[in-house]
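To start, the structure itself, in structure tokens.
Per-chain residue numbering starts at 1, and chain names A, B, C and D are given in the order in which the chains are listed.
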Amino acid sequence: MALYNNTVMEHFMNPRNVGEIENPDGKGIYGSPVCGDMMQITLSVDENEIITDAKFKTFGCGSAIASSSMATELIKGMSVEKALELSNDKIVEELGGLPAVKIHCSVLAEHAIKNAIYDYAQTHGRKYAGLEGYNPDAEHHDDCEGSEEGGCQGCGNGK
Amino acid sequence: MKNVYLDYSATTPVKEQVVNEMIPYFTEYFGNPSSLYTPGLEAKEGLITARNRVAELINSRPEEIYFTSCGTESDNWVLEAVAEALENKGNHIITSKIEHHAILHTCQHLEKFGFEVTYLDVDSEGFVRPEELESAIKDTTILVSIMMVNNEIGTIQPIKELAKIAHNQGILFHTDAVQAIGNMPVDVKDLDVDFMSMSAHKIYGPKGVGALYKRRGIQIPSFIHGGAQEKKKRAGTENTAGIVGFGKASELARMNLHSHMNHSSKIRNMMWERIEKEIPDIILNGPKDFSKRHPGNLNIAISYIEGESVLLMLDFNGICVSTGSACSSETLGTSHVLNAIGVPVTKANGAIRITVGDNTTEEDVDYVVDNLKQVVAKLRELSPVNGEKGW
Amino acid sequence: MKNVYLDYSATTPVKEQVVNEMIPYFTEYFGNPSSLYTPGLEAKEGLITARNRVAELINSRPEEIYFTSCGTESDNWVLEAVAEALENKGNHIITSKIEHHAILHTCQHLEKFGFEVTYLDVDSEGFVRPEELESAIKDTTILVSIMMVNNEIGTIQPIKELAKIAHNQGILFHTDAVQAIGNMPVDVKDLDVDFMSMSAHKIYGPKGVGALYKRRGIQIPSFIHGGAQEKKKRAGTENTAGIVGFGKASELARMNLHSHMNHSSKIRNMMWERIEKEIPDIILNGPKDFSKRHPGNLNIAISYIEGESVLLMLDFNGICVSTGSACSSETLGTSHVLNAIGVPVTKANGAIRITVGDNTTEEDVDYVVDNLKQVVAKLRELSPVNGEKGW
Amino acid sequence: MALYNNTVMEHFMNPRNVGEIENPDGKGIYGSPVCGDMMQITLSVDENEIITDAKFKTFGCGSAIASSSMATELIKGMSVEKALELSNDKIVEELGGLPAVKIHCSVLAEHAIKNAIYDYAQTHGRKYAGLEGYNPDAEHHDDCEGSEEGGCQGCGNGK
């Protein structure tokens, strides 16, 4: 028994795409250290609207880091349009599952990517159906403060 | 791979001598201690020896010791029972903001039934200020409950002084000593407390056994009702083997107290010296004066990274520490203790607790610090936040 | 000297296979199950296996099992929690006169706080009459608690029928199954009960571990407040080794149920046959129809002599039985159960309970009955009372 | 550890003076089976008011039987006057101690002897200072019903 499966552990211990692209075409940040997790995604997008590179930096627990790693792997080579369709469920599935209390980490990754694409769309004058009505700043604080699952949980010393 | 367990405040391995004393009570002296035939009396004798040994550890009389199922039960019992017994006298209880959840959640439960609870603030190192206790006391105050040693940051409270303040006003005083016994001299006569909670699994005894010290002459109702066990104060067939284990662990804790304290604090100090020197942007939470701190405890806020990922990466290398941020794997949210001493949430999210114990060696110190340095560096590289960005 | 233990309803020896599964949890898998690192997760895995095994024994879902410190705690929890949760709905609880003290004394505790308790009469064999339950129900009734198998006289109640009566009126139903599990088929789905209390030490597991079955979907408050253990319903660091032992004992109980029942009832019947034939002036207390009786239970009132002296003389010859008269060595007074079924005090004073179990052999039967005959004869010779004198 | 010490156990397992003297000079009964213990003492007393024989029959627990055995041993050969002074403390002392909850068994023996002597005094027209105001029927039921220690306690199956 382990907290995370092997795929998650592998992405946590050896995360892909760590870092920050210089002069990115899109940059998204989601979450905050106050809430216990925060992700930054930077993208390179070519003229055909294909994501040619993606990098992340994440403050958070094991599953937040693994979700970032997996998410950036998944969107590399995708069209922006397709990347917008990437759901947290898909990230969880590719990771082979996450503990119930950690599902929000995959949501975080989905949002960070959306935010990066939103930035790309804003700075490059693109419009996507998937971004209609999307507010990059809206939701995280609700997740964080409202719900019980608002932060990456730690292993307690309340013992 | 090396295995270095550094979470002795969460729980301890059971010492071999303790297990060896327990085993016959499963199979040979298995009788019900309430039974009058020989196998029952043999089991009862085990309880008597255990009670004597626990009493000796804290300098109480044996008949002042009541065995329970855990430290949490002892805490619940005192609060609920004093509330029930003294309801007519008053409805006010005083505790601190940094108590264990066993106290805090029981207080919240009592609040639902009309009790009023004052949660005292603590200073930046976790100390309750005696003058604040003094001024919190009202006519309706029936109990003061302040923990002896904090489980997260190791703060040792001035219990004797606090108990005196309560007693000067004729108010009962309880202390949760779960983290204290075995880790510092504890003498209930000298401290002059009325009730004290203890747990076996923090002193190299088994999990699922605790005790309540109740000063002779004070009457409180039972918490668990039923048979006549524990002088009719705690019903339920006695966990004979567990209690015997608690007794043996108490005896060892008493005999080894000074070597244990010296060993723990020496290792803890070595570790802190290296960490402080070699890892930048960290803060020690809790008392800087180590003489007022649990001998094995370190609690460190590591800037820019999050505690669970530190824990996991260390675990990958066989090192066990806990985070400073949450109550248990089933609870979320940051530590109420770090919050109470004013650690900002961002820093609290990156806190880890290291507690060393009898099996920790000097070599472990190097292995742990080397690993911790690497883990911190790696996670900081992964992190979008850093000092320049103002966090 | 032979040792013949005949008090399996008081407690059982822990089976070797059970002890063997427990031991590693003291020393090797000693982590706190709430911890996220490997040693914590190993301990947690032990809990998961144990929960599955207990659930399988009673045909519940694993998540419906909550581990406690004993059967007594489970009983206390249900009564106190339902009282707390449904206070606004009503203040009336129905139970029977022959429940264990864990139920009766908790009811008495609730009565002090304004709850009203109906203690149902039982018939001369200890059975609750369904129609009496039905007519005891009021608008204010919030809980019915009837034990599945009586610990003194072995009566097996018609729980399914009784639960149905409660449910027809929308009332929650609890059963204390401490003496039942492992000794008869118990299927919570089929019985359709809402809560059920269990204890490990009656089924060859360790003392100090119990469980409460709580039907999925029913919400009750915690009894012991603190950490987030047991889905936040029962705080306190888990008694890992004990719970693992309970799990193993449950697995064995499930696998061996029929052979255990056959063996016990065969030995019990042999013993009763000889006793009935060879010892004059005795009465069997409890159901005469052995299919409605705990398979290992005999409860015999022996005229003209007193139970403790029988117990002591038998103990002198290595035979352990209990008296039918008192609750425990710390309590005096005759049995409330024998009283409720109408056994006169004089006869109740001479009652002994014999409960056989897995280690009782056919040879033991002869040894025990031969001894019992002698002891009875000797004590009757000593006694100033006899049949002629009208007693 | 044992419930009773060796002396008590020895007197319980091999009680002295069991039985009933035919045509006794004095006979006393104390207690009742309802209360859990009952003792009958029969005495032979010679013309010098010396107790030449004493026998008992007891319904009760181990300590009741041992107390009866010890008490009859003690009074054999004593003058009636002296026997009246026999206190339960002396019986307990000679037994080497009894558990606290069992002390009442020794009281029972003291009373049964007093009752037998009372009977002797009545039937033989004797007067003793030690019997002044003594009512043989008075006290036992109070002991039994009033106090928590009213019966010989048994080993429970309330488990």
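Structure notes:
Here is the rule we use: a contact is a pair of C-beta atoms (placed from the backbone, for glycine too) under 8 Å apart; a residue touches a chain by one contact, two chains touch by 3 or more.
Every value quoted in this text rests on a predicted model; they were computed, and no experiment measured them.
The mean-CA centres of chain B and chain D are about 55 angstrom from one another, to the nearest whole unit. Our note on geometry: chain A versus chain D, Cα centroid distance of 88 Å, whole angstroms. The geometric centre of chain A is 39 Å away from that of chain B, both derived from CA atoms. For chain C, the set of residues that touch two or more other chains comprises 7, 10-11, 32, 34-38, 40, 100-101, 227, 237, 308, 311-312, 322-323, 327-331.
In chain A, 3, 154-156, 158-159 are the positions where the chain touches two or more neighbouring chains simultaneously.
Taken as a graph of touching chains, this assembly has some other topology, since it is neither a line, a ring, a star nor fully connected. Of all possible chain pairings, those that touch are A-B, A-C, B-C, B-D, C-D. Against chain B, in their complex, chain C makes its touches with residues 5, 7, 10-14, 16, 18-19, 22-23, 26-27, 30-32, 34-40, 68-73, 75-76, 100-103, 105-106, 108-109, 199, 201, 206-210, 221-222, 224-229, 231-232, 235-242, 308, 311-312, 314-315, 320-323, 327-331.
For chain D in complex with chain C, the touching residues are 3-4, 9, 12-13, 15, 18, 20, 29, 33-34, 36-40, 57-62, 64-65, 101, 148-159.
Contact residues of chain B toward chain A in the complex are 7, 9-11, 100-101, 151-152, 299, 304-309, 311-313, 316, 322-335, 345-346, 349, 353, 381-385, 391. For chain C in complex with chain A, the touching residues are 32, 34-38, 40-42, 44-45, 48, 227, 237.
Against chain C, the residues of chain A that register as touching in their complex are 1-3, 154-156, 158-159.
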